[in-house]
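As structure tokens, here come the structures.
In the two complexes that follow, chain A is the common piece, with chain B as its partner first and chain C second.
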Partner chain A sequence: MLHRLALVLGLTVAPYMAQAAGDVVAFFLDNGMQVVVIPDDRAPAVTHMVWYRVGAGDELPGQSGIAHFVEHLMFKATDDMASGEFSTVVEANGGSDNAFTSWDYTAYFQRVAADRLGLMMQMEADRMRDIIFDPVEVATERSVILEERAQRTDSSAGALFNEQMRATLFLNHPYGRPIIGWRHEMEALSLADAQTFHDLWYHPNNAILIVAGDVTPDAVRALAEQHYGPIPASPDLPVRARPTEPPHIANRRVDFTDQRVANPYVSVQMLAPVREPGNQAEAAALVILAELLGGSGQTSLLARRLQVDEERSLYAAAFYDSTSLDPSGFSLVNVPVPGLSLDEAEADLWRIIDDFLSDGIDMDHFERIKFQIAANDIYSEDSTQGLARRWGMELTIGLGVADIESWPDVLAAVTPEDVMAAASRLFTDPVHVTGHLMRPPAANAEISQ
Partner chain B sequence: MIKRLIVAAFAALFALPASANIEIEEVTSPGGISAWLVEDHSIPFVALEFWFIGGAVLDAPEARGATHMMMGLLEEGAGDLNAQDYATAVEGLAADFSFQSYRDAVVVSARMLTQNRDAAADLLRAAMTTPRFDRDAIERVRAQVLAIIQSDARDPQEIAATTFNRLAFGDHPYAFAQEGSAETVTGLTRDDLVAAHRGALTRERVVVGAAGDLTAAELGALIDHILGDLPQAAPPRPGPADFALEGGVTVVDFPSPQSVAFFGHAGIERDDPDFFAAFVLNQILGGGGFRSRLMGEVREKRGLTYGISSFLSLADLSPGMLGQFSSSNALVGEAIEVVRAQWADLAENGVTQDERDAAIRYMTGEYPLRFDGNGTIAGILAAMQSDEIPVDYVTNRNSYIEAVTLEDLRRVAARLLQPDDLHFVVVGQPEGLSPGN
Partner chain C sequence: MLHRLALVLGLTVAPYMAQAAGDVVAFFLDNGMQVVVIPDDRAPAVTHMVWYRVGAGDELPGQSGIAHFVEHLMFKATDDMASGEFSTVVEANGGSDNAFTSWDYTAYFQRVAADRLGLMMQMEADRMRDIIFDPVEVATERSVILEERAQRTDSSAGALFNEQMRATLFLNHPYGRPIIGWRHEMEALSLADAQTFHDLWYHPNNAILIVAGDVTPDAVRALAEQHYGPIPASPDLPVRARPTEPPHIANRRVDFTDQRVANPYVSVQMLAPVREPGNQAEAAALVILAELLGGSGQTSLLARRLQVDEERSLYAAAFYDSTSLDPSGFSLVNVPVPGLSLDEAEADLWRIIDDFLSDGIDMDHFERIKFQIAANDIYSEDSTQGLARRWGMELTIGLGVADIESWPDVLAAVTPEDVMAAASRLFTDPVHVTGHLMRPPAANAEISQ
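Up next is the complex of A and B:
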């Protein structure tokens, strides 16, 4: 009865006027710094972010980890502030701050009361050009990032496996290197490396300012012109031309064994196109393909067939990263129930994919996914911090404001035929990397305690 | 799990300033269920939080894990819908339900679009009042729980926390992981799950937070519909847990280049007259952010860790003063000495006026920033009620923080921080630390 109720309601999101988040406003300062304002007056707070169009994908060979290392060092002294003073001032004003680095971007953010926005801009503008790299700080902070690597990567069999999978998937592109860096290269990162990297990339014409919260675009423009406006553009800003992938012509395998593995699994990864300026249709079809195959833990094709109907998997899913600067990965994962081998789990994945290619799309399922994607636009209005982060990611990978604003419409326009065509391109004679994460036969005994 | 409860508990302590555009309405439904609501009609959905106090500690010793597994089964079939049909119906409404189990509570969170709220409420009601516990769903979820238990047994963070709890709490339910053991989970029957459901979800123990596109009258009708058929009376909760762990170091051998340390000693009750002083003290010692004593001494000055924090655990049945960090095996011994030295320094010398002022500026400035979305607000409202904090508390909270003096901090540091009582559970292959004590 409940099911019927759901069906008669139709699958269209009612139109509504967004009142929480006002219209997003984007513009450029004269020095080339891009500015995006996302108004939301529900709480007297702002999120202030500066994103640089540089990340681990822009590092020189042999310097893996330098983008992330520079991010850490940006919290040290400038000509105007002592080491650590940045965060001290933020906290003394009741705010919080942090930063993050990916392959395509490096971003710094603070969340503070709306009337402290100017102070945040003053400090962020100061460290854009006037950070001072000190030899003692560099040595101590290098130890911190090595501990970070130990904690996040070396202590986790799954993280090490993912690192190996990426390194294998990308033959030539720096996406194959870990953001945190390879340990042996991190140990050798020098003050001069950091200085050179910072000098090259940290300029207003390579930066995006995003302010979300209880502000008006006019107020943000005035403050931005005051604090960021005086910083000159760099005439020598490099073009982000990374090494590109040659055609993938050979399947590859990663067999990784670690005694810390609790539940062995198989992962299949392949290159896939991503959102491009003016051309987001293929990526939109792949987003929906990933949802159909492995989005929901109950009703997606992989979950329904392998977990529920056949009871051969503990977990089966699909992932696709639509938002990166260069072509990135589409992946399938299958954690078999105890007693099934990884070879069988691997065959199960391809069997379901083959069935999908021949059977086509369940239209009810397709409509539900489209409805959920539309509803997510409503739910996402609830977090202006989330919206700010999404805009930052999208702009740093080279999308324009028009691309970003049209993305919901591009997703809504995807047809089942589009999805099947994208699936066919992706899965017909796919060249892929297959990884098995295993535990050694002797490690079946409990490890600890 | 411990840490998540702490986060929730602390969230309750951040109050509303006069300047926040937020007004909490106390709602009593026609059926007599009370709820707190923040109305905001700017986005067409509502966020609901139902906290049922009690949680996994209600499990009988031979059925440990029943509450955790029961919560995992609520969305696996309800009313006349099997698991597949139920998930399909929820997705068809783009509703979003989550069913979580914790040591001291089980939590149901929901987001529902205004345009189909009644139909979504029907589905949520079905999951909470008439879950099916179908045989195939039980076996599927049991296999998932067993995989989690296996995974936790190989996760150094989990091993550290569970070892600490086992050593600290003897036979009390706090000594055991809420997921249960492979043995108890394998033995759980459908009757155990039905009993866990009957015990955990009761009207007597529920608190409700709501925020979004909904009026008080609509909320009253909604919660009567969703909760009305739940039983009223709840089973008794266990008594307080004695903190039985003495100072020292316990090493758990684990093959990893880095050691995880989980440490602490007994804490302070929320209704203690010195609670706010302890709250400020912890902020200075190891609260969030980069400026704490522990971050400064262990990370910024010495590079011994990526992150270190301390926290007041406000677990209902045994408060703790706890902390955690990870350090390379060669460095963890030094890091432990630095932590002990900071503990001793604060206990003996208290904090500086600058440290007090900075912490209070941060704590009082940060609070209005938290109330920035329906989902967040609904959670905070439920957390406040679970802590039995009155609505008017929110306007006074900052004055309690600001009233904490340097002398208060000195007194509470000397009383609360006991360097000799600190026990460190170290999971890894630390150099220079011997296993056992």
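Up next is the complex of A and C:
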């Protein structure tokens, strides 16, 4: 039940090239449930996933956290299973299971031996419609999610800071709300809220079944028709129309002070376009841009200049979420070495960006990034699972099979000119949110500091 | 159809003392419509108002501006009247009419000769349920509200800045949305949206009738029963439960730059408690605090120190909205003299606040403020109308008759210690939003500036 944290760089696309074109098979059941099969016979195991096209971005105002709460409650009793039985059965069959909630999706995964696929489908189909919301379980599980918030968010200055940054970046869109929920709203989440949310969204025509591993498409189709096929489509499935952002016209700042901060840092975030059906070129250029500026490792421009050459940063990086239903964030982060102020760290970030905008792209670096993106993960053991997860994310945000299959080609087609044009559009518009995560000032500081 | 702008200082409370205790009569019709009568025979005229307990704070996300749009559409045709006939009839009878939308209420006013009261009720009752939403009128009026936004907001750097400040101050509550609406959402407001909003909220059990002027309570009751009495209560009236704010834990800043700024200024805003049923003491202390620090005229602490003594400000003031359904804002503003930076102006504000917190209250000033609050407007010609408007605002935010009638006494009972304690609670918590409204920097400024 982990949140999606930073698995969103969207860079590990190579498996598509290796396997997608011929191997991945996608179709629909008669009730509207989409099915994706990713055959891989390297191990006699399967990953079975059901993704719902609903997440924290689809919650009613005042009910932040309900998508994640329902995810937790899906492990309770159904008409056929006792509370907790789902995971117990998976484990008894030698498998593992998990679930994830993001702003755009809620997903349930199991990894089991290939011959247990039918059992997984039977149990997952059972809880899709027959989960029972019990008052005692709801009360208990509400304590669990509140404790989860305490552990993951309230006890972490960085997590609280990120929460404040998002709430500031988004003026109108529900992406500004935390997935886990605002504590005061989580405390009020009721059985009726959970029931209503589940009744609205948990239907086969809002779900995507993804099976990856040692299976054939025909076998998956037969099992899916047996287990999921009998569940009727909902005629009342809502359209996912979230409030969108007004133009961002004012720079904003977040100054968050916390005793627990070990290394103060500066974060700069701005809205950025994302992959759209039939229109992925800008997002592809931004993927390359983020990798050039601040991808993992010390070869990115920010890391090389600030960490290696100048030794002014402990860590400098860039992040971009290309795979999101609505426009999301492009961000820069700089953790200065002790002795440098956050204002200096902020100026350092913009100095490197300015240099990049005037100097242009180092072609060696560009080719290396392109190669890495193409080569990344081809031989990694979990590439099939990674591929399955990516298909789930991409389908839940509204991309089509053609978009997903063409994405590696769109990435491969990005030119240095495309990247510089995207950088210019992103950074020439001066509107962004700048955050400083700090330790408390000295005791005698003025009240305004 | 003006918005409520700054009529919210809540200080002109004296008419209550002069007239309220014995004179104001409040009761309910059988269908739940509340009626307030404020007799005043100084002129043979009446003010007739219907207030609905609904405003921009009650809009669905993505439909910002719908409350105000419906207010506009209420002047179109009903089953009995042609489009525009309402105002034409008022004018033909020598009267004037208007309407207002705020975050917490939507109100319709007419001022006419006392013998036309029945006619006003007949027309207002007609449009409460029988307004017709016509596709052509909806399209035309949408252009009107978009033009209103262009005129009032988009053409004004100060208005855009205020909009950004509110959107930043409120992390979760709909008070962060503009009453007029975000332009991109206004453009999408449909007939169905207006119809749904009206159907949900425009009912006698969500309305307050206020009649002030040359009438008797008995006459008002008879007319109200005749015209409004037959309209059935809605059994499906929603509870006004808006999303509330999480704790404000990070200072935030808004830097808004606009070519049109004549005088750059700094604004500091923070959340503050408001009048609650049975619990108005903190709000009363904050009313006095705002007046002491930065009330109108040049005798307030900020104006005297920064404008008069030091000549560092063109204008310095404090504002507090005591009468709001949910916690609202306390704000400080400082427009520095040319040559002083906004950073200096910001420091000046906090220097005066710091001095106030350590020096305490000048008792002469305190007594003067208390006297002004008690004396204000007793003899002004429009005090009856002002009183009527205040009853409307106060009832729509959920205060009871007892709260409204006791408010002057609550204000009168505020001690200097109460004010200092409220100031300490407000200003010792360092979390606030600071805004700088600026002219564009020089051409060669860095991209980050």
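Keep this in mind: the second predicted complex is superposed on the first by the 411 of 449 C-alpha atoms of A that agree within 3 Å, B and C clash if a C-alpha of one lies under 4 Å from a C-alpha of the other, contacts with A are read in each partner's own complex, and residues count from 1 in each chain.
What we mean here is this: a contact is a pair of C-beta atoms (placed from the backbone, for glycine too) under 8 Å apart; a residue touches a chain by one contact, two chains touch by 3 or more.
Since this is a predicted model, take the numbers as computed values, not measurements.
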* Once the structures are superposed on A, label A:Val308 by its partner contacts, choosing first (chain B), second (chain C), both or neither. => first
* Answer with first, second, both or neither: which of chain B and chain C does A:Gln298 touch in the superposed model? => first
* Could you say whether A:Val239 touches chain B, chain C, both of them, or neither, answering first, second, both or neither? => neither
* Asked: By residue count, is chain A touched more by chain B or by chain C?
  -> B
* Applying the touch criterion given at the start, work out whether A:Ala167 contacts chain B, chain C, both or neither, answering first, second, both or neither. => second
* Identify the partner contact of A:Pro430: answer first if only chain B is touched, second if only chain C is, both if each is, neither if none is. => second
* First (chain B), second (chain C), both or neither touched by A:Met363 -> neither
* To do: For A:Val136, select first, second, both or neither according to whether it touches chain B, chain C, the two together, or no partner.
  => neither
* Asked: In the superposed arrangement, which partner chain does A:Ala150 touch: chain B (first), chain C (second), both, or neither?
  -> first
* Asked: Looking at the overlay, does A:Ile353 come into contact with chain B only (first), chain C only (second), both, or neither?
  -> second
* Asked: For chain A, which residues belong to both interfaces, chain B and chain C?
  -> 446-449
* To do: Flag every residue of chain A that touches chain B in the complex, lowest number first.
  => 1-3, 5-7, 9, 11, 13-14, 16, 18-20, 40-45, 75, 84, 87-88, 91-96, 111-113, 139-148, 150-152, 154-155, 157, 213, 259-263, 296, 298-299, 304, 307-308, 311, 314-315, 335, 337-338, 364, 368, 371-372, 374-376, 378-379, 381-385, 446-449
* Structure fact -> Touching chain A in the complex, chain C uses residues 61-62, 64, 160-161, 164, 167-168, 171-172, 174, 176-177, 182-185, 241-244, 246, 249-257, 346-347, 349-350, 353-354, 357, 427-428, 430, 435, 446-448
* To do: Can you check the complex and tell me which residues of chain B touch chain A?
  => 17, 19-22, 40-45, 47, 75, 79-81, 83-85, 87-89, 91-94, 96, 111, 113-116, 119, 122-123, 126, 136, 139-140, 143-144, 147, 150-156, 159, 163, 252-258, 260, 288-291, 296, 299-307, 326-328, 331, 358, 361-375, 427
